[in-house]
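Here subunit A shows up in two complexes: once beside subunit B, once beside subunit C.
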Partner chain A sequence: MLAVIGQSLVNGLMQGALVALPALGLTLIFSVLGFVNFSVAAQMTVGAYAGWLVNSQLQWPFAATLPVAFLAAGLVGVLTDRIALAPVRAHSGGQAPLMVAVVSIALNLAIESALRFSFGNDLQSYDVPVTRDFRFAGLLLGPQELLNVAIALLAAVALAVFFTRTRLGKAMRAVADNADLARLKGIMPNRLANLATFIAMGLAGLGGALLVVTTNVDPSTGSRLVLIVFAASVVGGLTSVPGAVLGALLVGIAGELSLLVISPVYKSVTAFLAILLVLLIRPNGLFAGISAVRR
Partner chain B sequence: MLGASPRFAQAQVQDASPIRIGLIIPLTGATSQFGASMGAAAKVAADEINAAGGVHGRKVEILIEDDQSNPEAAVRAAHKLIDIDKVVAIGGSYASAVTSAIAPLCWESGTVLLTSSGADSITKLPHQGYIFRTSPTVTLQGTRVGEFAVELGGKNMFFLGPQTPFAQSYIDIISAIFGKAGGKGAGLIYEDKKTSYRSEVDQALRANPDTIVLGGYVPDTSVVLKDLYRAGYTGKRIGFSFGVNPAILPAVTGEVGEGTYSLVPSASEKSDAYRNLLAKLNRSSLDSYSCQVFDHVALTALALANAAPGDPSGAVVRDNVRAISQDTAGSLIDSVEAALKVLSAKRKVNYDGPSGPLDFAENGDVKGVFFRYEQIQQGKLALVKVA
Partner chain C sequence: MITYLVFVATLAGIYSLLSLGLVMSWGQGGMTNLGLVGFYGLGAYASALLVGAGTPVALGWVAAATVAAAVGGVVCLVTRTLRGDYLAIVTLGFAEVVRLLELNETWLTGGSNGVSGIPAPFKASLGVAYPFAYLGLTWLLVLAAALLLARLLRAPFGRALRAVRDDEQVAAVAGKSVLSLKVKAFAIGAGLSGLAGALYAHFTSYIAPDSFMVQMTIYIFLAATAGGVTRVSGAIAGAVGVMTLLEGSRFLAAAIPAFNAVQVASIREFCIAAALIVVMQIRPEGAFTSRNQMAGHRG
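Showing the complex of A and B:
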């Protein structure tokens, strides 16, 4: 039984670490721009397809595909934000966060449809060999999965360093904290909005690419995960960088552990329950207050 | 008479509105592998019917709706086809969840539903004769897979599949066959649309199976196959044609998919009807489901042509399908065009299509189906046997 629990923990951590990247993106945009951008799901798919194009079609090595996934999703993210979301932000007054969130759902559908139009419905696989797991301390571990987790955590640490050590990062936190005050200090919230969107969607794209390396990409890849990404972000308090990562790990582990007691058909229920419990008990998130982007 | 004189037929068509046949097929989503070819096959059928002068001088028009592999979208599509377009029949209807959802709308409105779904529950619905199923049932497919697995020496079976109207039936049927042969069986039903099934696969492997039956559609089956490989599973894997088909091959290359079997309902591959359809679609082979959708259109048109000219309706189609598909007194014909000509000469027809002989039992299930047993060998689906 202990081995079973251990294996579930490992599986959950591996899933959670990858979900952490888009959850970080969602958190970053919410912190700096003040709304939940659901198009993060489609940007995961954009990153996944960008990586697939250069890896499988152009035969680039796996490592080289990751910056491409980041860049592609980041750029598409900024572009679509400028076209679809920025005008709504500028004109919808007091209801802005809700309005923009709703428009971002539409944007998500539009991007997904554009991907479907371009790449079709077929499943696409990365040109990365599938290897048998190795056994370590009674647990089955996959080399590619371990590498993915390491890359995801590295990206999260890089983001934390960016926020605490760089001028731009600090400026972003200032805007997140109080946009008007930041403007008085000479920080341009608009330019920072673009940068925040670029980084956030880039992270989502990177996460998307890592998620599909071991599986497949199709136009709905990101949409299938949007609930769990959102749950991770909410559990983490929506404004905390470590919160998003811990939230993702928690939701991932909860999903896998739940299989020990409930039928696998109801796995997604754990994500809903996580959102519900957090909103009922700690509406600011389980990890609110620790290193929030917005203090 | 009409068919023999195209010019006369055209003159008639100009002042008669077309007879509409709806198609609800999966063009997007998890079950969409055959959607495009289903639509293309249906159009070939309509073209052949119209080239022969249509039905009682009226052209046949195909209206295609995408079910998005989603019952809710399918219900919206069915409402549109029935309420707005006034179709006499709806064909296609592939995923069992989709068919189960739209079936009540069809029989309540007196619209014939021709389906290529497998779940046994569908024809057990109180459908008043409005449902015709051209695909083998889950019971039949499960029995064949179970018997084949036992034949391959399987003793301990585990079923892995998503939540569908047929998942539990598969577990029960195949487990019973293993039980009778002195082995045992169990199963696990998972949530579809997941990016990983590691913990589900781990759970399955704890039962130490030597045979795993894959009951999913292509996207989830490809992930399950990869996770089985990673987890070190080396036993037998058997899937169904809706999960293990050419669309899955690029996703399970190398050892991951190699050796996996698939049970595929066979089209009537030796028939002229099948070869004719291939030629018109410019293809070297075609799945059974697309052939079935061709026949959904053909059966509807021939049933209407068998009845007296008048107001075409679902009830007329329902009451005439068996008369043109399985009347032993009728002449055996496997071309829609030829069948229309014979019918217009007031003679009887026994139509056999590219999908098979099309004889229906009392409950609407098709009889006399053959299967292809295929296996992934060196990255391609190779034929093991037909039975």
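Showing the complex of A and C:
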């Protein structure tokens, strides 16, 4: 039994580490731009397809496909944000964030439909060598999965360094904290908005690619995972970078542990329950107070 | 051809009910219900299962609306102290959970096979006239719901609700019970969606999880916003418009043989999504008119 629980913990952490990337993207956009961007789901799929195209169709090595996934989702993210969301965002008024959220869900459907038009409904898989799982301390570990987790952690650390060490990162945190004050200091919120969207959607795309490497991709890949991503972000309080990562790990573990008692088909229900639970007990997230993007 | 038109017209009525529900919770209450399709499915299954177990059809419909409204009230309560964004997330998650339950609780819902043979009221005695009778009944309900909503929104309740939508704090200072107004509005919206679901179930006599796809939420948002999201008459016009667009594009797409079925469906979905984006962009003041009507003013 202990071994089973241990294995669940490991699986949950691995899944959580990958989900953390799109959750970070969601958190970043909510912090800097102030709205919930549902099109994160479609950008995960964009990244997954971009990676598949160069890896499986062009036969690029796996390592080279990841920057492509990041860039593709980041660029599509900024482009669609400028076309679809920015004009709605420009409307003032208290309802603006909600309106942008609704438009972003339409945008999500538009991107997903475009992908379905281009690639069809077939499942596509990456061309990576199938490797044997190895045993470590009684736990089954897959080399590809471990590599994925390492990449995800690297990306998260890079983001943290960006926020704390670089001028642009600090400026972005200033905008998240108080856009008007940041403007007085000569920071251009508009240009930072593009950069934030690029990084956020890039992370979503990278996460999407990593999540499908060992399984497969179809146009609904992102939409199927979106509830888990949102749960991670909400558990983390929607504005906290470490919160999003910890939230993702927690939701990942909760999802895997739940499999011990409920049917796998209800795995995403645990994500929904996590959202409800956090909203009922600690609406600002479990880790409120620890270094938010918006301090 | 007549059969087809009657079918589409009935469906337009059902969409109108959904759209009216959204006008109530979103247009007038400012709350985003992205789980619309969940409440729709809830109503459909509730009525189909109850009537299947021997409950009279009328009672099944009332139950469908009540269940959906009650669940809607709870969902709204859970997010009471939080920004509207959270309600959007929770409702979206709710719809997904409903879909999973529909799909996997096979003992109750039949799983992906769905529920078939849902009794149609008076089908045997009406014979050929049945589709027309159901069409009439549907639109009668739409009319009743529209009149009721219009009356409710002109009443103090409606004014207070709009005040809450535009500024919760000001409304609270003015002595309005913000939470109760929001929960009521959201529950009414959800209840209308549930009723629409029940109508759909007994209309097609067959429901399955596939009948309640997330895309429908977008269709209804388009219907409600295209008609001017705060207006009752606009919701109905919008629903008819969206139905025309959906069905019309079916013929148009079939005329282009270069694409396969999946691609044609993708184009339709894309057009609906793009239409919603455009509609939301071209209303300079946003979808909500922030102007609040004075007491006694018939707006």
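Heads up, the rule we're going with is that the second predicted complex is superposed on the first by the 293 of 295 C-alpha atoms of A that agree within 3 Å, B and C clash if a C-alpha of one lies under 4 Å from a C-alpha of the other, contacts with A are read in each partner's own complex, and residues count from 1 in each chain.
Quick note on the criterion: a contact is a pair of C-beta atoms (placed from the backbone, for glycine too) under 8 Å apart; a residue touches a chain by one contact, two chains touch by 3 or more.
This is a predicted model, so every value here is computed, not measured.
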{"item": "Simultaneous placement of subunit C and subunit B on subunit A, clash or fit", "value": "clash"}
{"item": "Partner chain in contact with A:279 - subunit B first, subunit C second, else both or neither", "value": "second"}
{"item": "Touching partner for A:88 - first (subunit B), second (subunit C), both, neither", "value": "second"}
{"item": "Subunit B versus subunit C, judged by how many residues of subunit A each one touches", "value": "C"}
{"item": "Subunit B versus subunit C as contact partner of A:265, first or second or both or neither", "value": "both"}
{"item": "Partner chain(s) touched by A:58 [first = subunit B, second = subunit C, both, neither]", "value": "neither"}
{"item": "Subunit B versus subunit C as contact partner of A:234, first or second or both or neither", "value": "second"}
{"item": "Subunit B versus subunit C as contact partner of A:114, first or second or both or neither", "value": "second"}
{"item": "Touching partner for A:103 - first (subunit B), second (subunit C), both, neither", "value": "second"}
{"item": "Which of subunit B and subunit C A:35 touches, first, second, both or neither", "value": "second"}
{"item": "Stretch of subunit C, among 1-9, 73-81, 127-135 or 181-189, that runs into subunit B once the two complexes are superposed", "value": "1-9"}
{"item": "Common interface residues of subunit A - those touching subunit B in one complex and subunit C in the other", "value": "116, 121, 263, 265-266, 268"}
{"item": "Contact footprint of subunit B on subunit A as seen in their complex", "value": "4, 7-8, 11-12, 14-15, 116, 121-125, 129-133, 140, 142, 211-212, 214-216, 218, 220-221, 224-225, 256, 259, 263-268"}
{"item": "Residues of subunit C that touch subunit A when the two form their complex", "value": "30, 32, 34, 78-79, 81-86, 88-90, 92-94, 96-97, 100, 103-104, 165-167, 214-215, 217-218, 221, 260, 262-263, 265-267, 269-270, 272-274, 276-277, 280-281, 284-288, 290"}
{"item": "Contact set on subunit A toward subunit C in their complex", "value": "30, 35-36, 38, 84, 87-88, 91, 93-99, 101-103, 105-107, 109-110, 112-114, 116-117, 120-121, 223, 226-227, 230-231, 234, 238, 263, 265-266, 268-269, 271-272, 275-276, 279-280, 283"}
{"item": "Touching residues (chain side subunit B, partner subunit A) in the complex", "value": "28-29, 32-33, 163, 188-191, 193-196, 198-200, 202-203, 206, 218-219, 222-223, 226, 229-232, 247-248, 250-251, 253-256"}
